[in-house]
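Just dropping this structure here.
Labels A, B, C and D are assigned to the chains in the order they are written; within every chain, residues are numbered from 1.
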Amino acid sequence: MGYDMELTALILLPFFGGIAALFAGRWGRDAERWVAILALGLALLILISSFFSTGDGRWIALERYDWAPSLGVQVILAMDGLSGALLVVSLALGIVSVVVSWKITEYPGLLNAALLWTVAASNGVFLSFDLLVFAFFWELMLVPAFLLISVWGHGDREAAALKFLVFNAVAGLGLLAAVFYLGATGDRVTFDAFEVAERQIPHGVQVLLLLGFAGAFLVKLPVPPLHAWLPDAHTQAPTAGSILLAGLLLKTGAYGLFRFPPMLFPEGFATLAPFGLALGAFGSIYGALLACGQTDAKRLVAYTSVAHMSIVLMGICGGVYFSLMGAGVEMVAHAFSASALFLLIGALYDRTGTRDLRELGGLQQNAPRFAAAFAVFFSAALAMPGTANFLGEALVITGMFQVNWIFASITLISLVVSVVYATRLFKRVVFGKSRRTEALEDLTLREMGPIVLLAVATLLFGMLPQMLMGALEGAVEAALTPVTVP
Amino acid sequence: MPSFPALVPVILLGVGAVAAMLAAPRLPGLSRWIAGTALVCASVALALRLGAPASLSELLADDRLARLAGLGICLAGLGSLAFLRPAGPSKEGPALLLLATLGGTVLAGAIHAASLFLGLELITLALVALFVLPLDRPALEAGYKFLILGAAAAATLLMGLALAHAATGSLALAALGGEGVLLALAAALLLAGLAFKFALVPFHMWTPDAFTGAPGAAAAFAGAASKIAVVVALIRLDAVGLPEVWALGLAAFGGASMLLGNIAALRQDSLARMLGYSSVAHAGYIAAALGAGAASAPAAAGFYILAYAPALLAALCVATLLGRETRIGDLRGLVWSRPLAGAALAVALVSLAGLPVSAGFFGKYAIFSALIEARAWLLLGLALLGSALGAYYYLRFVALIFRRVEAPAHAPLRWTDGLLLALATGVTLLLGVRPDLLLDLVRTALG
Amino acid sequence: MSATTLVLLLALAGGIFATGFFGLLARRAILFQLISLEMMLAGPALAFLAGGAFHGSQQGQAMFILILILAAAEVALGLALYLALRRGADVEDSDTIAGLKH
Amino acid sequence: MLSPYLLLLLVPAPPLAVFLILGLDPFFLRRKAVQGLALLGGIAPFFAMLPLLGLCLGTECRGVMPIFTLVFGQSEVALALLLDPMSTLVGLTVAAVGAMVMTYAIDYMSDARIADLRRFFALMNLFLAAMLTMVLAGDTITFFFGWELMGLCSFFLIAYNTGLPQAVAAGRKAFIITRFADAFLLAGLLLLFLEANSVRLDVLIPAGTIMTEDRHVVIALLLLAGALGKSAQVPFHTWLPSAMAGPTPVSALLHSATMVAAGAFMLARFSPIVMSEPAVQAIAAIFGVGTAAFGALSAIFQADVKRLLAYSSISQIGFMVLAVGLGAPQVAIAHFVVHAMFKSLLFLAAGDITHGSDLGTSMMAMRGALRRRPIAFVTYVAGASSLAGLPFVTAGWWSKEAILATAWSGGAFGILVWVVALLTATCTAIYAFRPVFEALQPEPEHLSRARRGHAVALDLHYRKRWGSAFIGLPLVMLASGSLLGGVLVGPIIRFLGAEPPHPSHLPELVAAFAPFVGIATAAALTFVPSLAAAVAGARDMRRPTRLDRKFQRWVIEPYVRLVRFLAGNRMGARAEAELELRHVQIVRWLSRGARMDGIYQALFVRPFVNTVRWLTGHRGGTVDPVGTLPVTLAQRGMQALVTRLAHDRFDRFWMRSANRLVRLWVLASALQTGRSRDYALGAALGTAALLVIAWGTTWN
């Protein structure tokens, strides 16, 4: 199908933008940042314009050309509603993270380059349908994210960055082994996901391959017991790093689980789904309970991400229409709410120099705009109706009621515990009095911009979800594999 | 007699070595230049004849594989020459390097017992001299250990060849394939001899000490160039269809090397010693792939070693740049104080770890596919575990390179080091994006 | 030359090779290690001669000469190393030169 | 043609708009503008509801205003607002009370900082919009949206003065408990959605009634649990008394009239589903009457006026749940309307009387109210009489009479419930009039001097605007509503489509007599010194009574002497102290067990005070097991879980396995001994192994 190079532009533009930003230091004072915003803005424009081009029903856009024929590797980029929505999130959060890290003075060139490369790699993951290219971008994502944490982080950032990298690299090996197996055992050496989907893979092998794939996705998702890297990575990462980590990298795990298991290993997925459900259920409670016990604000929000993404896992493994749609909506909603919370906590950290909940407080008295912003995303964190988070979680719960009542009640328990940790965070940060936040200057316009953007997105998708849910329709139909839970 | 053009590279190297040896005492600069030009001419000669039709002679096979391997060895030799520091009284470094490259080119084309033995021993003895060059205590110690083990391995190799000769009456390597106890014993001893040079586990003990004690360039040559030659020898012997012990031995030693090499390198603080252990591990990957005996194994082994060489050269060049005993602490903020060295080391380590946009990623792809194709599940498991451990200890160093620190700017790099680092990083990144360039080359070479 | 004598000679060569290898392991002195290296090379030399005689071809003797060359080169290098080591510190046995470990 | 029901959208719109304007504060409004805007937002819904009432009275009162429809998968979700008798009536009441409280708040909160004022009025308007959306909701999603937004607003409003730790803790406690109950409601609503495959109430409720047996009970129970949580019924009620930490207008609007009664409204709205199951109906009735009794009993012994009124709200809503449990949701709504009026009046009046006194809102602060704040006191008396249910003259009587009548005509179970309800009615009268009699007593000397000295400026402030319109008007209107409203109760029930119950004369007579008994007891409790002391002492657990002293002499001393005799005076000092300690523990254990001092005490006062001490939720050492038990259990459970899980188990697991790997590395690197002989040994072993393999492979 003759399509022009829209999708490749979505990957290459941020990539070369990164390289340009690296050397843009000489042109002007903030040249790197403007180059970064230009690249991301252009990519966003192309993305929006591609939405209006009429795809062939299932795919909004599809591109296919050879990369290394002798290896059997060709670049197949396809975009449907789900990847379209996640691409919008990716580019939007890219711009937000560039704006947020405007004040960082150490090596701004490499900083913006790393931000852009993370976005480029994630775009690659969301678009590629050639398994080796998917694995290539999957592992590539780690390198810039690692850079972000290890260079601009706080505290003992090397250990956190190394832990993040080793966890994900090792899990990525499982994915690589499975992809190489798929490539090697076909009738001809090819990694084309569509071809592999038609192939009749014996049941036992399907389960093994799915374990390889799921291993990588669950570490990135993060679901306990594979989540150990997330809290450290989040606490030590700079604000922009946390935003990209929470808003983007976590979503690639969820996207992978949403897209490939039902497509490539239907039977394998049907057998492993109940275990996925159980793991998700455990994760949502475990993450929520741990969040209640944290004293570091960022660590608390990190554990909330574990809980929310475990709910997304339950949604995907549910396999029914509502749970899958809920998982899709929750993915997008969590991207917005988690990155906004990180942004606020980062801004607070820049002003007070601490993230320890015991020392914070008194925002209501000194910085009303700050408190208002916290209130909006506090309500998103505990899935208040009217926010997209509630829509996602309510859909997942409806789906779970269709699958199994126990899992539904566990999700509800997680919802209730979410109130405990959300109010704890809010009470410690906004209410009360603290001498640290005495002379606190309120949010500047530059910081308000991204927050308003994220707040409008959360509330818009919460109140008028038709646009988002319509987009996800196609992907959900493809991923429907009703699961019989014993 | 093979056609004259086939021998041009060998002759060039030989003459170059002698000339460099003569010029060494009084004109060390000149001897480096002679060595450099000899290597460049040899490489150009080999490169030009890459496409020429293959021709076979009693001792040396002048086929595309030999030329590609010879080209690889000469380039690796050139790379090592770039950062060979003239240390202490002895200035014969370049000449010895040329001798070793000559040995490598001979070994690459060896199809006869004599040329195999001559090539191997020429590399070993030249390397012993190279190790000892600085004449200080660690270098002497590394040289001595290399000599003792090298000689033992040579004797083992010869014993194998002798038994084969006694059994078949012919010294051609092709005659090694066959049934019978004598031939099996011969194959075993032959593998032992080659395994030493390839640094597989029971014979690997010289590698870490060599990488730490010997000068960086010598260790680089031993780790990269000589291994290319040995891989070619292994591929040729593989094609002969040796008795079962050969494949079994290779697989067993490969598995053991992958495991022990990676575990031993886990918490090494010295960069060179970690690279030593990791070169044992990488030898393990290649041996396992060859041992598993899949159809795509030789191509995978060839691609892997050619992708491994530039990364090792760059890493060791930076190690020597930073002084003899570079501990992990010295790397703090390297990319900010010496941008090119830091970036080159980072890309090299990322490639050794096998992360994307580096040749290592597709090297891992080739090896894993070969293991999968051969259904060698245990070896695949060990390879996965190995690269998992590898991900940790390589990236441990990378973590520090990007640390934010206000290090004063260092003296600018010498142009040869800078050129080598730039070229090595460029090749690694290029292969990371377009691996098929090299893979097609290796596949056509293997016919 | 009959097959049995060939086997006997090969066994003898193997024996020499093995004793040389054992000498390398057992004795600590550098000089003695070099001597046992020479013995190890003597084994294959004999084996080649026996093979050549059995098959009536000169190839065995050609290889024997090559082995001699190698043995000579190794001894030269070994002794040079021994002298360099002794000039540094009176190092007699090989265990003392164990600075590079772990 | 514009459908008339467009007005439905107009009801919640103005307060929502005011919230946005005050919240985002784009125009940097000054104090006057903020107050004016807030007042506008508060009153507008009432005037928007009037035409709807007219429309409803005129034509057929059933209309739906669709907001937007959402299609996903095969199910179709249509959000809409609904106009029917119940929603109009409750909407009108909420709008009216909202307007009253908003005008009152303008004056009451006039001394707050401009930023706090803006935040306060923004949240009050948001609450009003949320409550109205919930009341007028035509589908479960809008309903739940309003329901949850109210919870959020109550959290922010209770914790209005963010510096006060108890206020913040109370807000958080309220929000967590209500959210916990809302989870049940959400589960129920989602299950209903799955049953009926649509969210519209008019489709949902009939589908709900014809469900299969077991699912029906579960959903009904879930909805009931959700209602009990929000309306602070027995198991979940502890958050309401502590929610009194919020400012008075908040307590008046949220925690008495509207939000707390939302649970009863929800039960009435979903009554076809909840009540079509006899078992669930009985449970609802039991919970209703139980909470009513518990609330009334606890209210009697409160030392703080607002806590007293809080318990009274719990009790009155218990009556409403009882009415729904007896199968008469229309009566419950009637009581909802009347209760909203007199309860908000009581809060506003009490708030005005105790405003600015340094005793907070304790009973003492009420003293001398007639002289200081005559209007507030008179309206308080009117509200109290309506609460107590003085026959025929107050609205409270008519609605409570309707409930008692429904109970009476409800068969054997109904009679039993009627008796308990009657007792509760008398207790209601008692606690209703205790503050009134308290207020009649003259202000104690030291207090009045302090008040006059410190609050002179304040009094002047009030004196100047004697009975300022903002305070006076709402009080008078609400008082007239709670007195004359009785005449409306009958028509309201008929308007809602049911026949007001006509009890036979005997029960009606007894019910009429009960309030007077209550008032008499209240007077006795206040003026008879011993009783007053008993009531005051009821909450103090630590005071040793006469029994303890007798017990000490007759039982403990002989025990100690016996033990010392047996030990033959050979006990060391430490043993002596040990014995001493043990017998003190015995005294305390025994004294808690059997407190019987004197026949009179034993028969009358003691058990009465004990049951109350056991029941009251007062903080003073007396444990309110029914209420605080589940909450403290949950807190302690969570605390144990959270502290045990504080540091991540899996994280430590990964770190331990990493350490084990490092130990493996130490082993591996030890292989490299450095001696060349060992290296040669390695090579020899390798060669030997290869030779053995070679020899082995050639066997077959």
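Everything that follows uses one rule, which is that a residue touches a chain if its C-beta (ideal position, glycine included) is under 8 Å from a C-beta of that chain, and two chains touch if they have at least 3 such contacts.
Bear in mind the structure is a predicted one, so any value in this text is a computation, not a measurement.
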Of the chains shown, whose Cα mean is nearest the mean of all protein Cα atoms?
A
If you average the CA atoms of subunit A and of subunit B, how far apart do the two points sit, in angstrom?
42
Inter-chain centre distance, subunit B versus subunit D - centres from mean C-alpha coordinates, in Å
78
Note: subunit D sits from subunit A at a C-alpha centroid distance in Å of 39
For the pair subunit A and subunit C, the C-alpha centroid-to-centroid distance in angstrom is 65
Touching at least two other chains at once: which residues of subunit C meet that condition?
21, 24, 33, 94, 97-101
Could you list which residues of subunit D touch at least two other chains?
669, 672, 674, 676, 680, 687
For subunit B, write out the residues touching at least two other chains, lowest number first.
144, 148, 152, 208-209
So the complete set of touching chain pairs is A-B, A-D, B-C, B-D, C-D
Using the touch rule from the top, collect the residues of subunit B that touch subunit C in their complex.
113-114, 117-118, 121, 125, 128-129, 132, 135, 137-138, 140-144, 147-148, 151-152, 154-155, 158-159, 161-163, 165-166, 169-171, 182, 208-209, 212-213
For the complex, give me every residue of subunit D touching subunit A.
23-24, 68, 70-74, 115, 119, 141, 144-145, 148-149, 152, 155-156, 159, 162-163, 165, 168, 172, 175-176, 179-180, 183, 186-187, 190-191, 193-194, 638, 641-643, 645-646, 648, 650-651, 653-654
State the interface residues of subunit C toward subunit B in the complex, per the touch definition above.
6, 10, 13-14, 17, 20-21, 24, 30, 33, 37, 40-41, 43-44, 47-48, 50-52, 54-55, 57, 59-60, 62-63, 66-67, 70, 73-74, 77-78, 81, 84-85, 88, 94, 97-101
Under the touch definition given earlier, write down the residues of subunit C that touch subunit D in their complex.
21-22, 24-25, 28, 33, 94-95, 97-102
Partner subunit D, residues of subunit B touching it in the complex
144-145, 148-149, 152-153, 156, 179-181, 184-185, 187-189, 191-192, 195-196, 201-203, 205-206, 208-209, 243-245, 248-249, 252-253, 260, 263-264, 266-268, 389
